[in-house]
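Next come two complexes built around subunit A: one with subunit B, the other with subunit C.
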Partner chain A sequence: MLEIKPIFHALCRSKVGAILLLIQIAITTAIVSNAAFIIQDRVAFLNQETGYPEQDLFMFNVMTFGKDIDLSQQFELDEAMLRALPGVVNAAQSSSIPLSGSGSASSFNLKPAPQESKSIRSSYIFIDEHGLDTYGVKLIAGRNFTEDEVTITNSPTERTTNVTVVTQALLDELFPEGDGLGKTIYFGDLPLTIIGVADHMKSPWLKDSHPNNVALIPYIQGKTYAQFAVRTKHGQRAAVMKQIETAMLNNYNKRVINNINGLDQLKDEYVAADKLMMRMLIVLITILVLVTALGIFGLTLFNISKRTKQIGTRRALGARKSAIINYFLVENAMICCVGLLLGIIAALLLGQLLMQHFSIAALPPSYIAGTAIMVFVMSLLAVFGPAKRAANISPSIATRTI
Partner chain B sequence: MLKMNNISKLYQTEMVQTHALRDFNLHVDEGEFIAVTGPSGSGKTTFLNIAGMLEPFSSGEYLLDGIDVGKLNDNQRADCRNQKIGFIFQGFNLIPDLNLYENIEVPLRYRGIKASERKRRIEQCLEQVGLASRAKHLPQQLSGGQQQRVAIARALAGEPRFLLADEPTGNLDSLMARQVMELLEQINRDGATIIMVTHDPELARRAPRNIQVVDGQLADFTLYQGAQNLKNVAGA
Partner chain C sequence: MLLHYLDLSWRSFKRTPLVSMLMVLAIAIGIGVTMTSLSVYHMMSADPIPEKSSQLYAVQLQTMDEGHTWWTEDNLPMQLTYQDAVNLQNAPVPEKKVAMMRTGFSVYLDSDKVKPFTSNARMTTPNFFNMFNVSFIYGGEWSEQQEQSAAPVVVISKELNDKLFAGNNSIGQLIYLDDYSYEVVGVIADWSLNLKYYDLNNGAFNEPEELFLPFSLVKTKELTSWGNSNGWKHENINSYADRMQSEIVWIQFWAQLDNAEQKANYENYLNSYIQEQKKRGRFAREKPEYKLRDVNQWMQYNNVVSEDNKILVGLSFMFLAVCLANILGLLLAKFLRRAPEVGVRRALGASKRQVFLQHLVEVAMLGCFGGLVGIVLAQLGLWAVRQSYDYYSSIATMDITMLLSAPVIAITTCIVAGLYPAWLVCRTNPAIYLKSQ
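Right after this comes the complex of A and B.
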């Protein structure tokens, strides 16, 4: 038997505790649903497919101080040496390192600057014909660069390159009709013909507005500071990384080899703040849910101690133990329902605020519903123990003076 | 109607055993009005609790309306209390957050009586105790005497065959006590069996039958007629 009406009237007449509790439930629902969505969003962000065999790739920097070599030719020699190392699948000098948070991006246009035309932002990597294979990315249409198409120079202004391989995402944005292969796009005023389409690969910035737009341009400039990407056979990366400094210095020793890091490590560093935020949010919502559960637990215990005689009287008047348990469950469910209603409204408002100020996607209703169900179940569990204790109050308490 | 044969109640702790009731025997017939007196700690309240199935007894036999109470489980005892017994407590025991109507409704809800029937009975009982116009009032808006009348209405609403009153006038002044006592006498004349625990000898003398509990046992078992009793007192 559910005593909804008298419980409602009793709550209306003694409402301070109930109001505090429903505010707590509303705040918990609003914060937990939004935080859960942000956590899920971050989890999806952290687990997104990058397109790279991250465990098999590593990168390092070369700072050359020797003046007695042709830098562009030296790096050709270095690449050849690296590819010959046992365990190495391929290696290439790469102007930017994907997922590292550091790289280059530009607008790619359908007409040469300064003419007005469609313009799409994309990261770009200057790399030779080994680039795709080094990064473990498949070519899904067209062809790769040939060795002859790669410009190797020590001059920063020499740009004889006229081809590019772009990712499917960039191609689709530039040419939504799907006829982009073979077309010419402009990198500033430099025309580049799209000769190949690369499968999915991420830019240096996972948080970029266009993280899947990458253009590979066959251009190697000899510079004192350069970065190399090396792909090893699976499971052999650590061994190759250990010998890389010695091998490079054996090839030419007037330089410094540093920042030898796996691609997964670079990605971890890049997303460290996101991971921290995610963990803090998890801690926050865990604490919030626990505090709310303890609040409900405590308030029910307080109510029971305050109403000991009343419970005994109810038992004396014929209430079964189950009726006492039901009483507290129904009372809590009623408070919880009002709290959840307010919480759902607050969650939507908070979601809108976050969307406006922090560019977070709209809070899906499923997160609010899921949180509401979780809070409801949690509140029933929190109240069940004290309610059971209340049911065990002896009816004889009704005749005692307490 | 009520038969207690050799009922004992033993409270036991690690250090002490206390016999609250010892070989307690009592037979009550339908329609009786019995006053139970005795010094503090004599076992009156324990007797009342056992009679009302508010606590179990240690040994003996208790038959209420032919039902062997010792064989009932907790739910059956709760149902039996609800259907057969009306309680009137010294402290009224009204639920402060419920108005008079809702307070009287409590035992009726536990019995699963329909709303329309509940309404009829509550209004009738409130009328009987003279508080029909106060149905929406909260207990704390009433005097002590009025609260006790509400508690009596609550006890009557379930139409019990058996009323147990624990010091029903203990918290009332003499005028209100007299009014409550008159109400109980009227209820008894209407057919209910009443057992009333009281400290007040004057009230006890008004009951047709007095029993005295001393050290957990029935010390005296005398049939009084109210008028005769008064004569005896005057004669002494």
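Right after this comes the complex of A and C.
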């Protein structure tokens, strides 16, 4: 019915074209399945939930050069001014900025240093009781800091802070039994009691080994280089951002206000390389599939022009149009199947290679299967047009010349 | 003969314009994709200071106690502690060495003409400019004596000089950094540096700093690093003086060693330095560990070329292979259709060799066209890269090497693709085609 045997014999007579096609299909399968996996990995990375209302948050830096003020008191005044601005929901000085790629991390231990104990890496943010609300993160257990618990100082050594709010991820890692709330952890030799648990929020580094570990510590130090976070009402961020520099300088002018950026902008900058990689791979595999499809299309056209007479003869001897179409479809499917088989092996090898040399996970078989099906369908589509044209070759052509 | 072949090729190109165009397009796309990723790779891995890269060494010391690990491949911290940096800076060997770190200041003038702004600064020793081949437009580096006395002097970039002093000679002028005034002693020329190899802490492709100041000011002004500071053990740090004495690493250190002898000397010195420090209870390791890496080794060690880029280069060469297979198929079709003509030429006395060469010339011509169109496509690709990622703006470009290698790769690819079809067609038996006509 499918006339595999005669088609195979015919193929054996023009091996080169078939082999070329086979190679193309194999390489295409190998590239596309691996690239698709990397793309999917990046898409998941780029679309992950950060826990913040990124569109409503913005940050800015304050670099103070004037020496005639009490810095931490000035920042308190600034915060009050910011919170009173129309359109602002809440604002806070924040020692590091989430998603920005720059911040502080330390290990948090179950016993005071230098005693050896369980130690978990986590980012930390020095921020006051407005911190959670400013970042739009919900408290899921315990309580927030009170105003009295916040240490406000200009001295780097004043250590009266003794409480912390941590993310669920950090709590679970420190206390896998789930009894962490109320326990004490150590930041160096400083004891901090966990009084509250924050909902999901990401650390300054999305690519950190522990990106979900954040500890909020109520400690405000007046430093010449400070950062502020501001959350605005939905849709009013641009308007508030525009007036922030003037407002801050009106409060005190011996300082520089800069890097006024939305949280989504900061995140975009941090992930730009991944976005670029994703885009380049998408372009690469799109063109690749098109080139391969064109290759199949061209080769079939060429075969048909070579076999015009044979096709005419077959038609004259009584073959239906569908038989001609079938012939080319089956021929292509045969080549394609062998190509895919090689392609699957190549894809596995390439995946193995990438895994060995780069930080890329093992290629799941579903990607190879999906790619194989797609390549198969694409090749049939590419053949169908030329095959239909071949079917329209008139039987009389066989009789015209020898 | 070559001109004749070229003429024949051009006629053949015009005779089947569609197939020829398709082939050129196939090569061009392959080259465009390959060159886009290869150019970025090339610029990332290019030697930033080829005339000196094997003389400049980044110095690393193993300061951690036995059993502690770092994230680098050989467990060595990337930077030095302040005390080690100062000690090595004061060491008798080598002649040229530099301790440095990145920080920043708010910058303003006495007048109100310029609104205060912040700038990146490099705290460094005067050898910096000579070691890293930085040239001056006005003035020069500060003196060794000014370095020793932590004099308030500054070298500024051309860009900053344009901004503050409209590009005029600003030597002797005062600028305010934070709230102290500093005297400008030098303005450096534009430093077209694609790669900030001397400090890879915060991104290799950032711009160099705009301010350069004596390293000794770090201590007197109690400056903090705008780069990375890393510790490996718990230390009680309550003051800036504690920090200076701590085991936190945050200073970069480079040494210029002109020959193997100097290098051996310096290694001896480092060994004895570690032994001496051991007596003070530091470097608690069984055997002393340190590393001197030259510029290229340093870049490799810091993985300047991103993983993504290596993957892209690999994939694009595979892509080129697909294009090659495509071209091969098209060439086969084109050449075999011409068999009758070749038959006549063979009968008229053309040797197999000549027919073979003629076809290779034709293929090379296609490759050349493809390469040229490919450069245009690659430029388009690189433009898209720059649009998509600001940070790559200095490296997503083609230099002359890449511009030249595009047609070379294209022609090579095409000749590889053309070998088999050309061989096939030159074997044409003239008799058959003469008969059928």
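Here are some notes:
FYI, the second predicted complex is superposed on the first by the 398 of 402 C-alpha atoms of A that agree within 3 Å, B and C clash if a C-alpha of one lies under 4 Å from a C-alpha of the other, contacts with A are read in each partner's own complex, and residues count from 1 in each chain.
The criterion applied here is as follows: contacts are C-beta pairs under 8 Å (C-beta built on N, C-alpha and C of every residue); 3 or more make two chains touch, one makes a residue touch a chain.
Note that the coordinates shown come from a computational prediction; the quantities given were computed from them, not determined experimentally.
Using the contact criterion defined above for the overlaid structures, shared-chain residue A:258 touches subunit C, although it does not reach subunit B. In the superposed model, A:89 makes contact with neither subunit B nor subunit C. In the superposition on chain A, A:314 contacts subunit B only, with no contact to subunit C. Of the two partner chains, neither subunit B nor subunit C is touched by A:194. More subunit A residues lie in contact with C than with the other chain of the pair subunit B and subunit C. In the superposition on chain A, contact of A:284 is made with subunit C only, not with subunit B. In the complex of the two chains, the subunit A residues touching subunit C come out as 16-17, 20-21, 23-24, 27-28, 30-31, 34-35, 38, 61, 63-67, 113-114, 156-157, 188-189, 224-225, 254-256, 258, 272-277, 279-281, 284, 287-288, 291-292, 294-295, 298-299, 302, 354, 357-360. Within the complex formed with subunit A, the residues of subunit B that make contact are 45, 48-49, 52-55, 74-75, 78-79, 81-83, 87, 89-91, 93, 95-99, 102, 105-107, 109-112, 138, 154, 158, 166. The touching residues of subunit A, when paired with subunit B in their complex, are 1, 3, 6, 9-11, 13-14, 309-310, 313-323, 394-396, 398-401.
Subunit C contributes residues 22, 26, 29, 33, 36-37, 104-106, 108, 116-118, 176, 178-179, 224, 233-234, 236, 238-239, 306-308, 310-312, 315-316, 318-319, 321-323, 325-326, 328-330, 332-333, 384-385, 388-392, 420 to its touches with subunit A in the complex.
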